[in-house]
Each structure stands twice: as structure tokens, then as C-alpha cells.
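What follows are several structures.
First chain A sits with chain B, and in the next complex the same chain sits with chain C.
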Partner chain A sequence: MSRIEFRNVRHAYPPPPGQAPVYALKEVSQVWEDGGAYALLGPSGCGKTTLLNIISGLLTPSEGSILFDDNEITQRPTADRHIAQVFQFPVVYDTMSVFDNLAFPLRNRGMPESQVQARVIEIAEMLDLSDRLKHRASGLSADGKQKISLGRGLVREDVNAILFDEPLTVIDPHLKWQLRSKLKELHQQIGVTMIYVTHDQVEALTFADKVVVMHDGGVVQVGTPVELFSRPRHTFVGYFIGSPGMNVLPCRLDNGQPVFANNLLSSGYPADTDLSGKLEIGIRPEFVHFASQGIPVAIEKVEDLGRYQVVTVKHETEQIKMIVAEDQLIPSENPQIQFDPENLRIYCDDWAVGADGA
Partner chain B sequence: MVRKSTNQKAWLLVVPVLLLVAFNAFIPLMTVVNYSLQETFGDNVFFWEGVTWFEAVLRSERFHASLLRQLMFTGMILAIEIPLGIAVALSMPRKGPWVSVCLVLMALPLLIPWNVVGAMWNIFALPDIGLLGYSLNSMGFDYNFTQQPVSAWMTTVLMDVWHWTSLVVLLCYAGVCSIPDAYYQAARIDGASSWAVFRYIQLPKMKRVLTIAILLRFMDSFMIYTEPFVLTGGGPGNTTTFLSIDLVKIALGQFDLGPAAAMSLIYFLIVLLICWVFYTVMMRNEEQ
Partner chain C sequence: MNRKWVVPTLYILFLMLPIYGLLSMSFKTTNEILGGFSFFPQQFTLANYIKIFTDPTWYNGYINSLIYVVINTLISVSVALPAAYAFSRYRFLGDKHLFFWLLTNRMAPPAVFALPFFQLYSAIELFDTHLAVALAHCLFNIPLAVWILEGFMSGIPKELDETAYLDGYSFPRFFVRIFIPTIAAGIGVTMFFCFMYSWVELLLAKTLTSVSAKPIAATMTRTASTSGYELGLLAAAGSLTIIPGAFVIYFVRNYIAKGFALGRV
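Showing the complex of A and B:
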């Protein structure tokens, strides 16, 4: 087991002839502490899988270096890195039994058969595969196969980290829950570093102690689920996490306080007055309220989600979403809203500014 | 009570197909059966012989010899073409501009008519003027496929390998290309050697196409006629007289229609039996 560090890692896939390379990963410096449960969250194409494959050595980065416990391993092959990786689609060796599948990584490394036996039985026990060890792997259902893929990762005792690349994509929803709790449980049992790639915020937030949010080839924020929700450092984190996402509205500044469409607002995180760039405010729908005095709006849509209502209102041309308690009445005449100053943040060129912003 | 009126006219729609099948398959086959059970001296006069011809063919040493030659030939070409085809398919590029070049090169031999292949190899292998024959002889090998059985066999097998390995390659290549990258990545993570990758990933994924390749190559080579006929004419002596060459000799050379018909039916049943056994074994394996 070891601590994994990225130093200025950049990666570009070979471009089509005659074109400049496009960086799938734009400069990532990041430390993965030993034994942590990390989630790598971001939309499709943001570089998550690239980052994962660089850790496992399936890809060699174009620039930068990777260190395991301060040893440079950037050029070392996959086999030397002791990394286990589980892919999006289950990979099983069709002609082998479940037992042989689980034993495969151990046998390839020349482990004595008696130890292989013991280890496979132990892992099969953890994954509830014990009664199917003799079956052919190809006969199992998708979740069974994915458990085998998981098992092949877990069976090796010497791994530095286990990487999961959207492992639950092909699993039925009710089994997703089970497998995810299983993973969490396994993490607590064996304490090995786990990095879990997903584009599903629920999955990321339930699995991980620390969530790494990626956007457009870079890491935009690393934090606990609470931090990501209450203090998004980048507008992307704001609207990617939370449902519905954060309202991002254009503004200008007046003495460090934001002005949205000629309404002077107050923010708990005032900015320096001399900011230049694209200025915006971010406010989560949870922190927008109806008030007797505030910004006049027109109500566009009310969606009742059972436990709360999502109200879409409009001020001039800007749409604002707000979350309103189930039993609260929506004002019918001349509605006005207010933003909660403690949770109103100013963003300059998409990055948070003010007190503990940048 | 309403009685259902039955209208059988729809059967008429099937008549064209029935006629087609009858005239191109069923009637010719029955004619062969007819000849195999009787003796005729022409003038449409027949004498009933029962299973005499079948017994005669099965007991004939000539038939045993050509069946043995046939089995040896098919065994040899399968033993060469299948591993060679797999090896070539695995070493072909899977992306990039060379893919289409390789595919076209591979497809070329398959596009050449069989008798042309025979003629090409005949000229190519001639010991006095052919490139292959002349080169071998000038290197000190005693090579003459028109007179030496070993040379004749070598040339026939080589010709078949040249002509048909491409088919195995193309089928296997399709199988290899359908393997998702994740399998190779997983194998690297699991520390698999390249032999293990072949044994546990590529070979199992190629199994279906390989089954088809083996079946096709078995059937085609077992019924091979044109190429060896043009190349060696079954000689020297009878050394390259395979089953179908022998059959034609009996039927059209000697005009022994009865034994020829019986032999055709036995021949047909052998092909059918071997294919069925092979296919059943492969598929049973699959289900387990």
C-alpha cells in the first residue's frame, strides 16, 4: 500500500495527422492518501478514465510524473505497479470457472497453489460467490460477472490501490445499492486505497470520503461531500452537484458586494473591488426564499417532487430555481425573493472569490 | 352452426419453391440413389442389384486408398492452415492505414478461380521453367512434381495453403477485432503473459469463427477436385487421386454408373457425419 502522487501530469492522445494535440488531461497535481476512499466525479469526457489509466499504467502520460510513496514510477509497466482495476463492463475469462477467474491474477504471479486456494475462498466468501466457485464464469449474470471482476482486484493482497471505472453501469438499480454498500464495507475491512470513477453524484457522495470533481480535463475541487455542497469552488461544482444545481447568475460588483440586475445583494464572502473577468453569483436553490421585500420575479413553473417543491422563477431574462418546502404556499401576487447572504458566493471566471474562496 | 370452409389454394403459392427444390436437389439425388441400386447397360434397361455396389465400394481397396489419401490431405491442410491462419490474423494491424492493405492482400487468393489457381501452380512448379521448380532444383533439391509423389503432395498442399489460408485469416481476424480493449487491459492488470492472453482471451473469443473456418475448410478440402486435377491430374500414378478425382474417373472415365453412384452416396454420408460430429462436439462444449 502506498500514497499516490501526481505531479503536473498532462496527457494528450495522439491527434489525427496534421492537427494539434488536444489535452484530455490538463495539468493535474493531486495526492491520494494511503487508505482513502476517493470518488472521481465528472461528466463523460472530462478525463476521469484517462486519469485512472495513468495510475494503473495502461497509459503513460505525455508530461509530468507519478510517484508511489515518493518513488517515481511514471515509466513503469502495469505489472510492476500492483494496481487492481475494475472496468465499466465486466471482464471475465469465459472458459474458466469462477474459481479459476479469481485465482488467475495470483497464479500469474506464481503464488503457491495452497495459498491461492485459501485466498480465493476468502474473497469468494466476501463477495457471496462461494456457492458458485465451480460454475463456468460465462454462465453468470451481469452482476455476478462484475463481482468476479471485483474479486480479481481484491484477491491480491499486495495492491497499492483498487481503481473502479464506473463499475456499476451495467448493474440493475436494486443490486447497485447492494454492491455499493459491499464496496464500502470492503474498504473498511481491508483499508486499501480505492478510487471510484463515476458521473453519478449520488454514487460518488455515498462511496467516498473525499470527492475529486473533474471538469474539462482538470481537477476543479477536492473535498468532502459537505464541502462540495456548501462551498463549491467552481461554478461547475455548483451545478454538477446538487439537484437541481446551483443558480449561476451574471452580476457586477459595487464595493465588493454583488449587484444582480440592479439589485444590490449582500454576500458573506465579499470580493476585492478591482476584479476583472466574467463575474457571476452562485446561489443554491435551497438558499433562495420568498420574501416580502426583495427581487421581484415571475413564477414560471412549480414541480412538486413529493418531499419538496422546485419552483422556477424569472427575473428579467434570468431563470432562478428555488426549493420550497412541501407545505409552503407559493405567493400568487407580486412574488419577491431573497438570497441567503451566508450562502451567496461570487465567482470570477468561474472560480470562487472572496474570503475562503480561492 | 357455421362450418369453416377450407380453402387449400394457398398451397399453390408453395409450388414454385417445391419445383425448384425438386429439380435442383431432390430429383438429382434420387437419380443417384436409383443408379446405386441397379445395373444398367444403356437403353434405359435396368437390373436390380440391391446393396451390391455399396458392398463392392466399401470392400474395394481402390476406395480405401483414395479415402486414406483424402483424409491425409485434409488433415495436413487443416493442420497447417488453421494455426497459420490464427498466427497471421493475430499479427495483422488492428487499426491504421495498413488494415485495408492487409485485408485486400489477404482477399486476393480467394478471388482467383480454382482452375486458374491450378494452372498457376502448375506453371510455377514446373521443374524446368517454373520459378518454384527451377529455383528448388538449382538449389540442389531434386524436385519434380510430375514424377515424384512427395513433390506432388508437397506442391498440392502448398497450393491449397496458398489459396485458402486467407479464408481462415479473415474469419479469425474478424473474431480478434471483436474483442473489447477492456479484456487486454484487464489481462495486463492481472499480470497475464502473452500466451495467457492468447489462451484465455483471444482463442475463446475466436472459437465460433474458428468452428466455421474448420467446417468450411474441412468440407471444401474433402471435396477438392479442380485444383489437383489441373495441377497433377491425380498423378504421378494415383498418388494424388483424391476421392472426387477418383469418383469422376469411375463415373465418366469407366462409365461404371452403379459403383460411382454408390460411392457418391458413401462420400456424401462421410462428409455429413464428420461435420455433424464436429459441430455437435463444439456446441456441446459451448453449453457447459
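Showing the complex of A and C:
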């Protein structure tokens, strides 16, 4: 087990001849503390898988270095790094039995056969594979195979980290929930660093202590689920986390306070007046309320989601979403809204500004 | 009433007719064959087969053919395995063009190459050896083998390779211990096609040999003209040439369809 550190890591895949390289990973410096449960969250194609493959050594980064416990390992082969990785789609050794598949990583590291037996049986028990140990792995269904992949990732206890690359994509929903809590439980038991890639925010927020949000090849924010929710540092985080995502509205500044369509607002995080660039305010739908005095809006749509309602309103050309308790009446005449100053933030070129912002 | 069986049965009968003709001729005497058509042998004889199994000029033909066919299949597959792996896993400058142009050797008839091969092998004293024929057939079989194997290999996700590295295997160990068993079906299909091509190819095999490596097909062409007609003998020899192919296809029968589905066979 060890602490993993990225120093100015950049990576570009080899471009087609005659074209400039496109960086899949743009300058990442990041420390993964030993024993942490991290979720790597971001849309498809933002560099999540590239980042994992750099940790495990399947890719060597174009620039920068990776350190395990302060030892440089950038050029070390995968087998030396003692990383377990589970891929999105099942990978099993078709020619071996389920037991041999699970035992494979252990035997390769020279573990005595008696211990292999005990460990494999334990893992099989956990993943509900006990009755199929003797079968050939090739005969299993997709989710059975994926359980083997998971099992092979979890079977070694002496790994530096376990990387999951959207491991539950092919698993049935009810089993998904169950396996995710198993993983979480296991993390608490053995305390090995786990990095879990997903583009599903619920999955990320339930699994991880720390969520790393990636966007367009870079890390935009690292934080606990609560931090990501209440203090998004980048408009992308606000928009990607939460359902519905944060409202991002154009604004200008007046003495550090935002002005949205000629309505002076107040923010708990005022900015320096002399900012230039694209200025926006971000406010989560949870913190938009109907009020007797505020910004006049027109109601466009009300969606009743059971425990709450999502109301879409419009001010001039800007749409604003708000969350309203299920028993609250929606004003029918001349509705006006207010933003919660404590949760209203100013963004300049997509990055948060003000007190604890950038 | 269910008549689904009619068409397939007719088709199979149609296919089997020439083979039956050959087989029934092989149990006839040459005089009977020349005398007129009969559906069953009138004077049933095993003399043709006995002659083939006792006369070295005949049975050596089979042995020679089998030797160069096996050498050729082994060379083709062992050379094509790494090549196909490279084409399926790595991107390099001109990879797609190279992959396509591998097939150029198959665009010309073998006869084109007979003369250069003859001259070359005579110069380096490979003429009339099994290796000469095996190498000449590689010219056609290696590109084919690379194509078939590449199809099978690309069907295996590259995560399998990566998982093996994560599990502590080096590349050579992974290739031999995991990858080759995984694509065993593909290798079987490839071997079958190499075997069949090399087994039925006559022109190069005949040109590049004279006595000590003379293939069975060459022996058969000559027998027609020496001591008059020996049609019964020829039919028996012909029947026997079907056996190795039938034997090999039996082993890969389940995988051939997969090869066709990949569009590579």
C-alpha cells in the first residue's frame, strides 16, 4: 500500500501522422492518499481511463512523473507496480476454470497453494460465485464474468491500489447496489486505496470519501460529496453534480456584487471589481425560492417528482430551474424569485472567484 | 407435410456423386473402367490399394506431400502469429496499407512464381527438397494466415492483455500461456487453410521437385502416361488424397463457421 502522486502528468495518444498531438490528459498534479476511497467522475472521453492506465502502467505518460511513496515509478512495468485493475467489460481467461481465474494473480506472485485456496474461497463467497468455482469461466453470463473480473481485482491483499473502471456497467441494477456496498465494506476492512471511475454521480457519491471531478482532460475539483455540492469550484462541477444541475446565468459585476439582467444580487463570495472575462453566477436549484420581492419570472414548466417539484421559470431569455417542496403552492400571479446569497457564487471564465473560490 | 429435407438431400447427393464415382472406380480394374459405365464395381478388387501401399514410388508421394505440408503449416502459423498480433494491437505508419498489400502475393497465379523459384532454389541447392516446396507455399499461406489470425485476435479485447500484465505476467509469458490458448480456435482454422492450400497445390510442388521430394499429386499426373492407362490405380490414389483433408476438417469443423463470420476465411 502506498501514496500515489502525480507530478505534472500530461498524456497525448500518438496522433495520426502529420497532425499535432491532442492531449487526453492536460497537466494533472494530484495526490492519492494511502487508503483513500476515491471516485473519478466525469463525462465520457474526459481522460478518466487514461489516468487509470497511467497509474497501472499500461500507458506511459508523455510528460511528468508518477511516484509511489516518493519513489519514481514512471517507467516501471505494470507487473512491478502491484496494482489491481478492473475494466468496464468482463475480462476472463476463457481457458481456465472460475477457481483458476481467481487464483491466477495469487499464484503469479508465488503464494503457497493452501493460502490461495482459502483466499479464493473467501472472495468467491463474497461475490456469490462459490457454487461455480469448478466451471469453466467461458460458460458464464456477462455479469458472472464481470464478477470474476472484480474478484481477480480484489483477491490480492498486498496491492498498492485497486482501480475500477466503471466496473458495474454490465451488472443488473439490484446486484449493482449490492456489489457497490460490498466494495465499500471491503474498503473499510482492508483499507487499500481504491479509485473508482464512473460517470454516474450517484455511484461516485455513495462510494467515495473524495470525489475527483474531471472535465476535458483536467481535474477541476477534488472534494467530499458535500463540498462538491455546496461549493463547486467550476461551473462544470455545478452542472454535472446535482439533479438538476446548477443554474449558470450570465452576469456583470457592480462593486464585487453580481448583477443579473439589471437585478442587483448579493453573494456571500463577492469578487474583486476589476475582473475581466466571461462572468457568470451559479446557483443551485435548491437555493432558488419564490419570494414576495425579487426577480420577476414566468413559469414555464412544473415537474412533480414526488418528494419535490422541479419548476422551470424564465426571466427574459434565461431559464432557471428551482426545487420546491411538494406541498408548497406555486404562485400563479406575478411570481418572483430570490437567490440564497450564501449559495450564490460568481464564476469568471468558468472558475469560481471570491473568498474560498479559486 | 414437412419437406425441408428434400433440397439439402439433393444437394448432398449432387456433391457426393463425383466422390462416389472416384471411390467406385478405385475398386474396379482398369479394364472394367474402360469397358463401360457401371454404377457398382463388377469385379471388386483391392489390387489398386495394395499396389499403392506396397510400391515406394506411390506411398513415398504421400509421405513427401505430408512432410512439406506440415513444415509449411508450422512455418506459416509461427510467422503469422506475431505479425497478426502486431496488426491487431498496434498502430504504426502504413499499417493498414501493409495489411492490405499482404494479399498481393495472392493476386498472381502461382505459375508466375514457378520460374524464379526454380532458378533460386537450383542456385542455393534447395531444389528437390521438402523445405523448398514448404517455403514456396509460405508465399501464399503466410498472408492468408495473417489475415485469418488478425480477425480472431481483434475479437479478443486488449483488456485481456492488460489484465495479464496487471496479474504479473510479462509479454512473452502472456502470449504463450494465455493468448495462444485463447485463440486456439483461430489457430486451428488457420492451420486447416494452410494445410489445404499446400496439400492441393500442384504446380509449384511439381516444378520444384524431381525424385526425392516428389509429391503425390505429381506422381498421379505421370502415371497416366507411362505403362498405358492405369485408371483404377489413379482413382485409388485420388481417393486417398481426400483422407487427410477430411481428417483435418473434422477437428476444426466447429470453428470454421466462426472464421467465416469474421469475414476472413
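Here, the second predicted complex is superposed on the first by the 358 of 358 C-alpha atoms of A that agree within 3 Å, B and C clash if a C-alpha of one lies under 4 Å from a C-alpha of the other, contacts with A are read in each partner's own complex, and residues count from 1 in each chain.
We adopt the following convention: a contact is a pair of C-beta atoms (placed from the backbone, for glycine too) under 8 Å apart; a residue touches a chain by one contact, two chains touch by 3 or more.
Since the structure is predicted, the reported quantities are computational estimates derived from the model, not experimental observations.
Student: Look at where chain B and chain C land on chain A after superposing the complexes, then choose clash or fit.
Tutor: When both complexes are placed onto chain A, chain B and chain C end up clashing with one another.
Student: Based on the superposed arrangement, let me know which partner A:304 touches: chain B (first), chain C (second), both, or neither?
Tutor: neither
Student: Is A:349 touching the first partner chain B, the second partner chain C, both, or neither of them?
Tutor: Neither partner.
Student: Go through the superposed model and pick first if A:108 touches only chain B, second if only chain C, both, or neither.
Tutor: Both partners, chain B and chain C.
Student: Between chain B (first) and chain C (second), which does A:84 come into contact with in this model arrangement: first, second, both, or neither?
Tutor: Both chain B and chain C are touched by A:84.
Student: Between chain B and chain C, whom does A:14 touch in the aligned arrangement: first, second, both, or neither?
Tutor: second
Student: According to the stated criteria, A:58 is in contact with first (chain B), second (chain C), both, or neither; which is it?
Tutor: A:58: touches chain B and chain C.
Student: For A:136, decide between first (touching chain B), second (touching chain C), both and neither.
Tutor: So A:136 only meets chain B here.
Student: Once the two structures are superposed, pull the chain A residues common to the chain B and chain C interfaces.
Tutor: Shared contact residues on chain A (touching chain B in one complex, chain C in the other): 53, 56-58, 78-79, 83-85, 87, 89, 91, 93-95, 104-105, 108-109, 149, 152.
Student: If we count contacts the way the header does, which residues on chain C are in touch with chain A in the complex?
Tutor: That would be residues 91, 93, 157, 159-160, 162-163, 165-170, 178, 181-182, 184 of chain C.
Student: What residues of chain A sit close enough to touch chain B in their complex?
Tutor: Touching chain B from chain A are residues 53, 56-58, 78-79, 83-85, 87-89, 91, 93-96, 104-105, 108-109, 136, 149, 152-153.
Student: What part of chain A is in contact with chain C in the complex they form?
Tutor: Of all residues in chain A, those touching chain C are 14, 17, 53, 56-58, 77-79, 83-85, 87, 89, 91, 93-95, 104-105, 108-109, 149, 152.
Student: Name, in rising order, each residue of chain B that touches chain A in their complex.
Tutor: Those residues of chain B that touch chain A are 180, 182-183, 185-186, 188-193, 196, 200-201, 204-205, 288.
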